[in-house]
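Chain nomenclature is as follows: A, B, C and D, assigned in order of appearance, with residue numbering initiated at 1 for each chain independently.
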Amino acid sequence: EPEIVSGPAAEPECFAPWAAETKFFKFPKKDGPYRIALANGFIANTWRIQMIQTAKAYAAQPDVAAKLKEFKVVSTGEDVPAQISAINNFIDSGYDAIVVNAQNPTAFGPVIKRAKEAGVVLVAFDNILDTEDAINVNVDQKGLGVLWANWLAKHLPEGGKILEVRGVAGTSVDTDRHNGIHETFAATGKKWDVVEVIGKWDDPTAQKATADAIAVHKTFDGITAQGGDTGVVQAMIDAGHPFVPFGGETENGFRKFCAKHASEGLKCSSAGTGPAQVAVAIKTAIAALEGQVVPQSIKLPLAIVEDPNFKEGQDYYPDQSDNFFVGNAFPTCGINFTAQEIMGQSKENQ
Amino acid sequence: MTTAEIQATSPLFRMEGVSKRYGGVRALENAKLDVEAGHIHAILGENGAGKSTLIKIMAGVVAADEGRMLLDGHDITFRSPAAASAAGIACVFQELSLIPDLSVADNIAIANPPRRFGLIDRRAQRAIAEEALARAGAEDIHPRAAVKDLPLSRRQMVEIAKALASKPRILILDEATSALTAGDVAKVFAVLKRLRSEGLALLYISHRMHEIAELADTCTVFRNGRNVASFRAGTRSNSEVVEMMIGREYSNVFPPKPQRAAIAKPPRIECRNLGWGDRLRDVSLSVAEGEVVGLGGLDGQGQRDLLLALFGVLRGTTGSVLIDGAPMTIASPAAARASRSAMALIPEDRKTEGLMLPMTVRENLSFAALDHVARGGIIDRAAEEQLIDEMVQLLAIKTAGLDIPVGALSGGNQQKVVIAKWLMRKPRIVLLNDPTRGIDVGTKQEMYQLLRRLADAGAAILFYSTDYDELIGCCDRVLVLYDGRIVRELEGRDITEHALIASALNVDGGDREGTAA
Amino acid sequence: MSETSDNRVSIRARLPAFLRRADPAVLTAFGCILLLLFLSSLYSSNFLSLNYLLQQLKVASFLGVVAAGVMVVILLGHIDLSVPWVMTTGAMMACAAASFGSVGPVIAIPFGILCGTAFGLLNGFGVAYLRIPSMIVTLATNVVAQGLMVVYTGGFSPQDSAPPAVRWLATGFVIPGLPNAILVWVAISAMMVFLFTRTSFGRAVYGIGNSERAAYLSGIDTRRVVMIAFAISGALSAFGGVLLAGYSSKAAQAMGDAYLLPAIAAVVLGGTSILGGRGSYLGTVAGVILITLLQSILSVMQMPEAGRQIVYGIVIIVMLLLYGRAPPNR
Amino acid sequence: MSEWRYWLNEQRGTLMGLAIFLLMFAVYIANHPAGLTANVAQTAANKGVLFAFVAMAQTLVVITAGIDLSVGMIFILTNCLASWIVVGEPLPTALGVVAVLAAGMVCGAINGLLVIYGRLQPIVATIATGAVYFGLALLLRPFPGGSVNEDLADALTGRLFGVIPSSLVALAAAVVLVWLPFRRSRLGRAAYAAGSSEQAAFMSGVPIRRGKFAAYTLAGLLAAMGGLFLTFFTYTGEAAYASGSGYTLWSIAAVVLGGVSLYGGRGSAVGAIFGAFAARTTGDMLFVFDVDPLWQPLLQGVVLMIAVSIGSLALLRVRNRLDWFQ
C-alpha cells in the first residue's frame, strides 16, 4: 500500500531514520479525523500503566484531539494470540491506524499482512515488530547495553568484577541488552568477570538476587542492571556494599539514589526510553495517515542522564513514586510530559 | 446336585495358612477355608474378626502376607481384582464398590464392557445390564440412572447385579443385605438359592443370624483372625454360634423395657405437621424423656429424612418442632447441637458422615464436644483427656491406642467412637440413623444396653433401624412410615414382626390417615 | 487403605522419642536442607557464612508468612491462587495508607492486612457459601485484585514508598544481628502452631480437610471455618506483601507473582497433603527454607534460567519421591 | 424418567457451558462494529481454538480427579519445538508435526508416570514438571524466533470455502479422533471411574493405572496440538513463562465453565471447549465495550467472577444441606 519514497521525513528531527538504508513510506493521504487504536499487551506493571496514561494524555491534547475521531485502547494481557486477534478485530472494525506494543516481535507476520491488505497503518513501539512492512518506533535495546558497558569500562579502565542483573528470560529485550553489554566488554580486551543473576525487571526479585550475589561474592567493582535497579541499589545499601559505578535504567527511585550517593561512589549512567514513546508512535501514525513521509524504522533518542548531571525536578522527582519511569521528553518531537502531567493526570478525578 | 457332590471331595477353592497383618494388627492368622460348588458357605464372626480381609484376599484386593490359595486344585495368586474376576470370583464388598458418577449400566459392565471395533458398545452393555438387574430382581432400577442418584438400598442391588453380570463361579457377598429391606432380601435370597442350584459356590457374610439359618449349608466362624470352627449349618444352636463368635456366653440381647403405664412425662421433642417436599408429609410425633421410640417401615420411606429434618440438615421444611415444649427453629446441626437439650445424631454412614478416618481416635472422640473442653476456642487438654478416658471406658472401645487413625479400628469399634463422640455432650435428645448396620452381635448388645441406660438417665431417643428384631427388642413405641407419612403407631406388646411388616407394606389400615390430604 | 510397612515401623522404633514423634516428611525436609547447604559449600564456603544464612532466613520469612496462610487453606483441602495479587494489594494499600495524614503511619500495616483479609473473605464466601471450587474462585479474585491495583496505580497518583515502620518491620533489628522479619516469622509460626494444635478452630480445619460432611454433622459451622481460613490466608498473604514492601522499601505492581507456586510447593514439600487434613506446621517451615535456599543457590551459582527451572523442578520431584508419596493401593 | 431426561442429565454440564458461551458470544457479536463477518468469526475461532486444545487437555486429567498445572508449559514447549522442526518441504513438515505431537505425549506420559507410579499428588508433581518443561523450552528458544511451514500454517488458520474457519475443523477433528474414541474406550471409562471413586474402581477390577496414564498422555498430545496451533498462528516460537502459566490457570477456569467437575469423574471435553470459548469471550468483551483501558482488567475479573458464580444458582435448589458437600 504505502509508496516507498526517498527521505527525508516530514519532521526529520523527530522521525529520524534508524539507519542510512532505512526506507521511507508515504501512505495515501486520508481525510481526518481518524480512528486510532492502541493494542497493548500486558498491563499490570508501572511502565505500561504510565504508558497508557501518557497515550490518553497525548490524545487529549487539543491539537491532537482535533485530528482524532476515536482513540481506543485495549490491553490483552501476556497472551500473544489474544493481541493478534485484537489487532485483527481493529482491522475488521475499520480503524485507520493501530499502534501496538507487541508481546513478541516475530509473531505478527500474518496480521501485518492483513493490515497491509486492508490499508491500515500499523505502528509498533517499545517491543517492536520484526518486519519491514510496518512502522517501527525503535528503541536501540542493544545500544543500551553498549552504553552501560561503555560507562563501566570508562570507570574501570582495567576491567573488573561486574554484577549483571538480567531481565525476563526468553524475551528479546533481555537478550539484546545482554548481548550489547557482553560484546562491548569483549571489545575492550580487558579482563571482565561478569556474574549474572536474574532480576526479572522487578525490584524485589532483583534486590534478592543482588543480596545473595553480594553475600557470596562479597564485592563487585561495577554493576549493570536492566530493570529493578532501585532494588539493586537497596540491596547494596543493606549489605553495606561500597558504592560502585552503575549502568542502569530510568526508574525514578534509581535516579534518586544516584543523585544522593554520587559523592560516595555511586556513579550512574541512567538510560532508557520512557513510556512517553507511545506519544511518538501515535504522532507517527497520524503523520502517516496525513500522507506525510515517515521512515519505516524510526530511531528514538535515548533519554540519558549520567553522573554528575542528575537534576532534581527534571531528571528525577523526589516526591514521586520510585516506580515512576523518568525520561519522558522527546523535545525533537515537541513531546514533553512532566511527571505531574502523567501520574497526576486524573488527580482531579479523585 | 450331582456335580456338587462330585466336587465336594476336592473343593473348588481352598485357602491355607493365610495371614495378613496391618502394622501391628493381626487381621488374619493362619486362616483356612474351603469353598465348594453348589454350596452356600456362611462366614461368621464379630466385628474385626477378619472376615472382610479374608474375602478381600480372595478377590485380589488385598495381598496376603503368607499362605496359599488353590483354585481347582492349582496354586493361584491374584495380582489385582481384575485377575480374580477373570478367574471367576465375583465379590459384593462391604464398602460398596460402585462408581458414583457412572450409570448403572456402566457400573454393571465395568470390569469387562462389551466392545465393538475396540470401543464400548453401549447397546450391548445396556442389554447386559438389563439382564443382570432382572436376575437380581431389581427391574425397577433404570440402567441409565447415575449410581449417585440412587438410595443406598438400590445401590446394593446394583452391586449384586454387577457381581452376577460377570457370570462368576464363586460369588462372595460381604454383608450385602445390610441395607436392604425385607422385600429385597427375599428377592436376593431367591436368586442366591437359584445360583446354588446352578452349581455356583457362594460365600455369605452377615451379622444377621436368621439370614444365615435360612441360607447357609456350611458355616465357618472366625474370631480374632483365626478359624474357630467349621460345621454344617443347623448343627449348632444360635446361641452356641454366637458364643463361638464372641468367645463368651451370650444371653439377654435386649435389656428389659420399663413399664410404660406410669409414664406421663412431658415430651422432650415434638414435631407437628412436619413436611418436606414429597418426602415427608404431615408428620407429627413426640418423644418423652426416658422413651425409646423406633422408626419402622420399608427403607426409604422418609425415616432418614425425618431424622435429618429434626437435626437441621434439610431446607424448606414445613410444620413446627418443639423442644421441651418451646417452638424452635433448627437451621443447622450446629444449632441442634447447641440447643438446650443438646441434640445428637448418630449418622447413617460412619465412614463419610461420622468419622474422619485418617485422624486419630482421640481427635475423633472429642471433635463434637470441643466447645465443652475449650475456653475461648483454646482446648483444655486435661479436660479433653478426662472426657475421652471416660468414654473409652464407658463404651469399652477396643483400640491399640488413642493416637492411631480411627480408620484402623474395626467397623464395630468405629461405630462406638461415633456414639462416644456424641455422648460426650451428654445429649438429652438422641437421633439414631440405623446405627447397628454391619455391627456384630456382641457390640449390638452393648449398644442396646447403652440406649436403655441413656433413656433411663432421661434422654429421649428416636431410633431408626432396618432390623425389625431391634425395633421389637429395644423400643417402647414404634412409628411406621410409609411414603413419608406415619401410617401406624405400635406400642408395647403390639410391636411384633407381623405388625411391623404388615404396616410397613401399608396393607392394613394404611389409608387410616386418609389420602385426601 | 493406609498401610505402614513393618520395617519402617522398626526403624522408627529405634529413634529417640522426639524424633519418633516427628513426621518423617519433616525430618526428610530438614535433612534435605542440610544436604543442600553441604553441596553448595563445595562451590563456595561463603554459603555457610552466618551472614548469608541470616539473609536467607530473612528472605524466607516473606515466603514463610505467605505459606503459613496457604497452609491453612491447603489443610482444608482447598487452594488459594489469589496469593500474588493479594500480596501486592496488601503492600500497595499499606504504602498508600501511610501517606494518609498523621494517622497514616500508624494504620499503614493494619490497613494493608485488612485489605488482604477482605479479599480472603471474598474467597471464603465464594468457596464456603457459594460452593464454587476454590481453585476457580481464588483465580477470579486474583484477577479482580489485579484489576483494582491497575486502576489504583493509574488513577490516584500512588504513594508507594514504604513508610519507616514497614521498613523497620522487615529490615530493622530489635535483637542486634537478627533481622526483624525473622522475628515476625517466628511469632507468626508460634501462633500457627498454637492455632493448629491447641484450638478448636485448628481441629475443625483438620476435620474439614478430612471430611467436611462429617464435620458439619458434628455440629461444626464448617462454612464459617472455611471462610475464616481463607480470611487468614488473605491476611497473611497481604502481610507477606507488606514485609516484602518493607524489604524493597516500596510496593510495586506484580510484586507477588513470584510467590504463589513456591508457597504451594513449600507447604507440600513440608509433608502437608494437598488433599487436606494432614500435615504439620514445622514441615511448612522446612519447605519454605528449602525452597528459598534452592532458589538462592541456583541464582548465585549463575545457572542460566533454563537450567534453574529444570533443576528446581527435578529437585522437587526427587524430594517428593523420597517422602511425598501416597501409600500404595494394596 | 424417560430416556431423554437421562440424556439431559448426563449432558447438563456441557449444555451449561454451551449456554454460557452462546450468551456471551451473542452479546459480543451484537456489539461488534463489524458484526458476524467471516473475518470476525475466523479471528474468534483461531484465538479460541488454541485455548480449547489446552482446555481439552486439562479436561482429560481433571476427569481422573487430577490436575495438570503443566499443560501451559507443554503448550509452550511444543510451540518452541515446532518453531524448529515444522518447516520445509511437506515430508519434513509432516515428520515435524508428528515429532511435536510425540514430544507432547512424552511430557504427558512423564506426568502420568509420576502421578501413577510415583504416587505423587498431581498438583505438585505437575508444578515441578511444568518448571522442567519451561526450562527445556527456554533452552530451545532463548529468545523468540524460528519459523514454520507457512503454507500449512495459513491453511490451518484460514478458511474453508471462504466461510468456515479451518481451525474449527481441526478442533472438530481432534474431538472425533482423540476425544470420542477415548471416551468410548475401556481406558477412558477407567479414567472416569478412577476419577469418580478410585477405591471403587480398583475393587471393580478397572484398569485404573492404564486409564489414568492414557488420560495424562493424551492430555500431553492435546496440549501439543495447541502448541502446534500457536506456532501456526504466530509463525514463531517463544518461551514465554507468563503466557504458559496464564494458559494453565485459565484452562482450569475453562473446564469449570464447561461443566467439568474438578472433583473428577464428571464432564466432557466438548463442554470444556465451550468453556474455553466462553472464557476467551470475556476478554473480547473489553473490545466491544468502551471501557477505560485501566478499568479493563478489573472488568474482566468481575465478568469471570460472575461467570463462575452462575453455577452456584443451583445451590438455591439444594434442599438437603448435605448435598453441599458434593
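Just so we're on the same page, a contact is a pair of C-beta atoms (placed from the backbone, for glycine too) under 8 Å apart; a residue touches a chain by one contact, two chains touch by 3 or more.
Chain by chain, the UniProt names read as follows: B = Sugar ABC transporter ATP-binding protein; C = Autoinducer 2 import system permease protein LsrD; D = ABC transporter permease.
Please read all numbers here as calculations on a predicted model, not as lab measurements.
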item	value
Chain whose average C-alpha position is farthest from chain B's own	A
Rounded Å distance between chain A and chain B, as computed from the means of their C-alpha atoms	72
Distance between chain centroids, defined by C-alpha means - chain B, chain D (ABC transporter permease) (Å)	43
Distance from chain C to chain A - Cα centre to Cα centre, in angstrom	35
Between chain D (ABC transporter permease) and chain C, distance of the C-alpha-averaged centres to the nearest whole Å	29
Residues of chain A engaged with two or more neighbouring chains	43-44, 49, 52-53, 169-170
Multi-chain contact residues (two or more partners), chain B	61, 313, 332, 353
Multi-chain contact residues (two or more partners), chain D (ABC transporter permease)	138, 142, 199, 202, 294, 296-297, 321-322
Touch relationships between chains, expressed as pairs	A-C, A-D, B-C, B-D, C-D
In the complex, chain A residues that touch chain C	43-46, 49, 52-53, 169-170, 195-198, 200, 202-205, 207-209, 211-213, 215-218, 230-231, 234, 238, 253, 321-323, 343-344, 346-347, 349-350
Residues on chain C engaged by chain A in the complex (per definition of touch)	44, 46-47, 49, 51-52, 55-56, 59, 146, 149-150, 153-161, 171, 244, 247-250, 252-255, 257-258, 296, 299-300, 302, 304-306, 308
Chain C - residues contacting chain D (ABC transporter permease), complex	1, 79, 81, 126, 130-133, 135-137, 139-148, 150-151, 154-155, 212-213, 216-217, 261, 264-265, 268-269, 273-275, 304-314, 316-317, 320-321, 324-329
Interface residues, chain D (ABC transporter permease) side, partner chain A - complex	32-34, 37, 39-40, 43-44, 46-47, 50, 137-138, 141-146, 150, 153-154, 157, 230, 233-236, 238-243, 246-247, 280, 283-284, 286-287, 290, 293-294, 296-297
Chain D (ABC transporter permease) partner contacts - residues on chain A that touch it in the complex	38, 40, 42-44, 49, 52-53, 56, 72-82, 84-86, 88-89, 92-94, 103-110, 168-172, 174-175
